[in-house]
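Sharing a structure below in structure tokens format, with a few things to ask.
We call the chains A, B and C, going by the order they appear; numbering starts again at 1 in every chain.
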Amino acid sequence: MSTQSEPLLASGIAHRPGHATDGGALELLDGPLTDRTLRRYLEGIPGVDAVGLEQRAAGLGTRSIKTSSKALALDRVIRLIDLTTLEGADTPGKVRSLVAKAITPDPSDPTCPRLAAVCVYGDLAEVAVEALGTFHAPVARAAGQQGIAVAAVATAFPSGRASLAVKLADVEYAVAAGADEIDMVIDRGAFLSGRYLQVFDEIRAVKEACRRPNGEDAHLKVILEVGELVTYDNARRASWLAVLAGADFIKTSTGKVASNATLPMTLLMLEVVRDWYRLTGEKVGVKPAGGIRTSKDAIKNLVTVAETAGEEWLQPSLFRIGASSLLNDVLLQRQKARTGHYSGADYVTID
Amino acid sequence: MTRLAVPKTYKLYIGGKFPRSESGRTYEVADTSGAFLANAAQASRKDARDAVVAARAAVKGWSGSTAYNRGQVLYRIAELLEGRRAQFADELVRSEGLSERRAAAVVDTAIDRWVWFAGWADKVAQVLGNGNPVAGPYFNLSVPEPTGVVAVIAPQAGEGHSLTGFVSAVAPALVTGNTVVVVASRTAPLSAISLSEVLATSDVPGGVVNVLTGDPAEIAPWLASHADVNALDLVGAGALDWVQLQMDAAETLKRVLQPEDGDGAPVPTLARISAFTETKTVWHTKGLL
Amino acid sequence: MGFLDYAPAPESRSIVHLRQSYGLFIDGEFVDGQGPSFTTISPATEEPLAEIATADDADVDRAVAAARKAYDRVWSRMSGSDRGKYLFRIARLVQERARELAVAESLNNGKPIKESRDVDVPLVAAWFFYYAGWADKLDHAGLGPDPRPLGVAGQIIPWNFPLLMLAWKIAPALASGNTVVLKPAETTPLTALLFAEILQQADLPPGVVNIVTGAGATGQALVRHPDVDKIAFTGSTAVGREIAKATAGTRKRLTLELGGKAANIVFDDAPIDQAIEGIVNGIFSNQGHVCCAGSRLLVQENVHDDVVERLKQRLTTLRLGDPLDKNTDIGAINSAEQLARIRELTAAGEAEGATPWSPPCVLPDAGFWFAPTIFTGVQTSSRIAREEIFGPVLSILTFRTPQEAIAKANNTPYGLSAGIWSDKGSRVLAVADGLRAGVVWTNTFNRFDPASPFGGYKESGYGREGGRQGLAAYLAPSGGM
């Protein structure tokens, strides 16, 4: 959680203590925390009209971001990217390449901002931390610099089909390896079969597992995998569930299923965090991930954030874009803006 | 020795009741030879006003009934008329001067028109309505709905005008759920009042049909200018200053049917039904997610 | 500079080449008008755009004569399939010149380019496409075999959707075999005149469509002309009433699309974020210059405060300004006259005790502008709850039960449109049944489609435009009228 006065933590993600245990948010449930009260609350949230939601998203997508606004937007997009590699074939070499790209996105342009984070599997978090060196967020922050965080996916990513013990071990491993942020997946099976309390408890347990011995936390992004929840009503309920359980961020997708971060889904999740802020004064972040490949799509996301939750959400502590190929398209656009002519794929680096 | 007949008092039909004119006025109805037939109530503007109030009050129930039910109620009128064919034929002989054979044919036609219109009640929406293939994720349906309160100047001349003409003007408005205030034939009002008695004992709710007798030239302007009347059928107003009536009706944008050429009864058509309907189009979003 | 201060993104004006002056379009040619010409302006800047001719009685007479000649000699004799082909041509030409038409529309009307570009002009093309296909299928219009066209149609259109209203009028008239004399609104003649050029490019036979510009007198001459068989009018209820009187006693057929004071009903189970969008779209699109605008918001009392708060938050993101900027949400009020009327009625609303609220909003110095405004604490007896404001002004009232919502929604002499927002299907359909309005949008608002009939109950007029019903309005059964 972050009220505005609270300092941002090393990763740039605002940290929400486990308020849910304090009962503050659970006052909303009007009763003890049980499957029944959770169900009553979540299923009592008014429905989403899919047509209207998609039309609103499409309308936001027609904003025309030109000239100085576009330049500002492109730099902002870079600062909000979680540069991601989540392949079975990932190696230390691949991760080092990714880290180098996050530090120096465009070697031809020293004014190019750095990325928010790199996002890797937990077993490669240590490699990422090492490769970042002084650019790693906690180190950089100690030196008064904005660093780059290491985000690790955990909890039997992407399916989440493992025992709770295994999921927690997965989290603890990544945290111990120096991950600043944990991107967990919810148990979609539990959610779809109506076992909301189980999903809630699992998020809470993961949040506990994010604690370091020194009292700091790795920050928790909760992946809803909206492509498997399918409906907007489900996505909205899952968003509320994750926020109630103490998520620092709610994230659309793993990037591993057919449907990922659509603009209507991102809009819907932004509406939830906006409403949560109205209710409690707490700000929760949103991370669309998967499927955002072009500058144009990324800028549509920025517009959607600014016109829904507000412009203050356009910072790494409250909005991230999980992407891999997006960065190079943004760099090409920046080069075009700088030079006045169109650039080409050989003028940006592959990672 | 011959029995002394019991003559009928012909009154107005308003809100399911048979009041005299509030004005206390009557006028003499004569047969075609000029001989006295009866005294009919001579409706005033206040009777017209009361009739509109009754008609308005009946709109909700009548238009809210199912089309199947309206069809049955209208068919029931035909059934009741069938049992009183002799009475209606006799009145036509006396008031329009028809031969018994012609009068019987007119009654048959009137009954058959009720049957024909009754059958339309639960088909109009299918024939006049449609699902609309709009270019977007929407359910979109157009249906005809009743206009509301329809004022009718019934046919005033021609063979069978006082019964078949009356029915042919009133029935199409009723089919979709409108209620009616109708000014009957001035010279031959007996059939209309007798028909009211049939309506009163049928299943037609009070106020759905309200019948005024008297001078159309006196009553029509009050109906044409009445703000709570939604539509005006001038089918029998050809001899009146109907252009002025249409202009009066324009003040509140009433739907107007102009007088028809020729005497007698208007031809029964779907167009007479649709004239007093409003197309309502309902959109609803369609979303799987 | 913050991200939300989007840099200007103006659509280029250079795509539109306006002439210095425009004549009347009669019998396939531009000719001088006999009346005094007038200047048409951009309401956003008050800059002059072109000189426009005024058609006097003699000009109207010439236009009707040209339409009659074209009807008798060409158009009524042409096969339906050939008429359809002309309409298809027109639809394609509209698509080809879409950007130019959109810019011209926004220039002359003041509406945001995103609306003229994404709504008005695409619908114009859609309308011609839809009715083009009807031209050779009139036997299926519901009037029995071989229905007849009416003859010469006089059409008078308003300034709020100049080109779209032209399409609504001309497309069904031509498809059914009528010829046309059309009068655009005094303040927005330009796109109709560009459309005349399109007709020339389409090689439409001379006289089939004639366009006469001018003010009210020109329209009156058209309405009263004895050789006009059909009048189709979209505009105010007051003028519609006069037209209904003027045509009383004649055999002229009449279609009237008049004013409205639509209720937009929000139940407490509404999909709330979509409802907010629908409210905004319902009253603030096209600056509220929409006859079917959702100008009366009826909110279930238990969610009133939440809805108002969300609505206010949403309104702060609306952008008012240059209609040609692609990010503009609220453009200019169309005329000084209309602006004065909006001001008068909002002042009355305040005087009657309702509370106005507008988002922070800088109005340009030149041109005609009015900030989006919502009134809370409005009573059913308030003028702003009764009279059509035709501007970006929303009156908010409450209700307690569905019956009360229906009763309040229907408590108006108008009956053009209504909106319902609820997640409960059975209630939505029952409420839709109870509303006395020609178009009911449920969980959406202000949607238009050529296949969907549009038109009012009560003093919102009669007849329908769009769909089969809109075609039938220009036809008579072969057996007679």
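Of note:
Here, a residue touches a chain if its C-beta (ideal position, glycine included) is under 8 Å from a C-beta of that chain, and two chains touch if they have at least 3 such contacts.
Predicted, not measured: the structure shown is a model, and the values here were computed from it.
The pair with more inter-chain C-beta contacts, choosing from A-C and A-B, is A-C.
Chain centres here are C-alpha means, and the one lying farthest from chain A is B. Chain centres defined as mean CA positions place C nearest to the mean of all protein CA atoms. Computed from the mean C-alpha positions, the centre of chain B lies at a distance of 37 Å from the centre of chain C.
In terms of their C-alpha centroids, the spacing between chain A and chain C amounts to 45 Å. Between the Cα centres of chain A and chain B there is a gap of 70 Å. In chain B, the residues touching two or more other chains are 136, 138, 285. For chain C, the set of residues touching two or more other chains reads 443-444. The multi-chain contact residues of chain A, meaning those touching 2 or more other chains, are 48-49, 51-52. Within the complex, the chain C residues that touch chain B are 126, 142, 237, 240-241, 244-245, 248-249, 251, 256, 258, 413, 415, 428-429, 432, 435-444, 447, 449, 451-455, 457-462, 464, 467-469, 477. On the side of chain C, the complex with chain A involves touching residues 1-9, 114, 118, 269-275, 277-278, 309, 317, 326-327, 423, 443-444. The touching residues of chain B, when paired with chain A in their complex, are 136-138, 285-289. Considering their complex, residues 46-49, 51-53, 55-56, 62-70, 72-73, 76, 271, 278, 302, 306-307, 311, 314 of chain A touch chain C.
Within the complex formed with chain B, the chain A residues making contact are 48-52, 54, 230-233.
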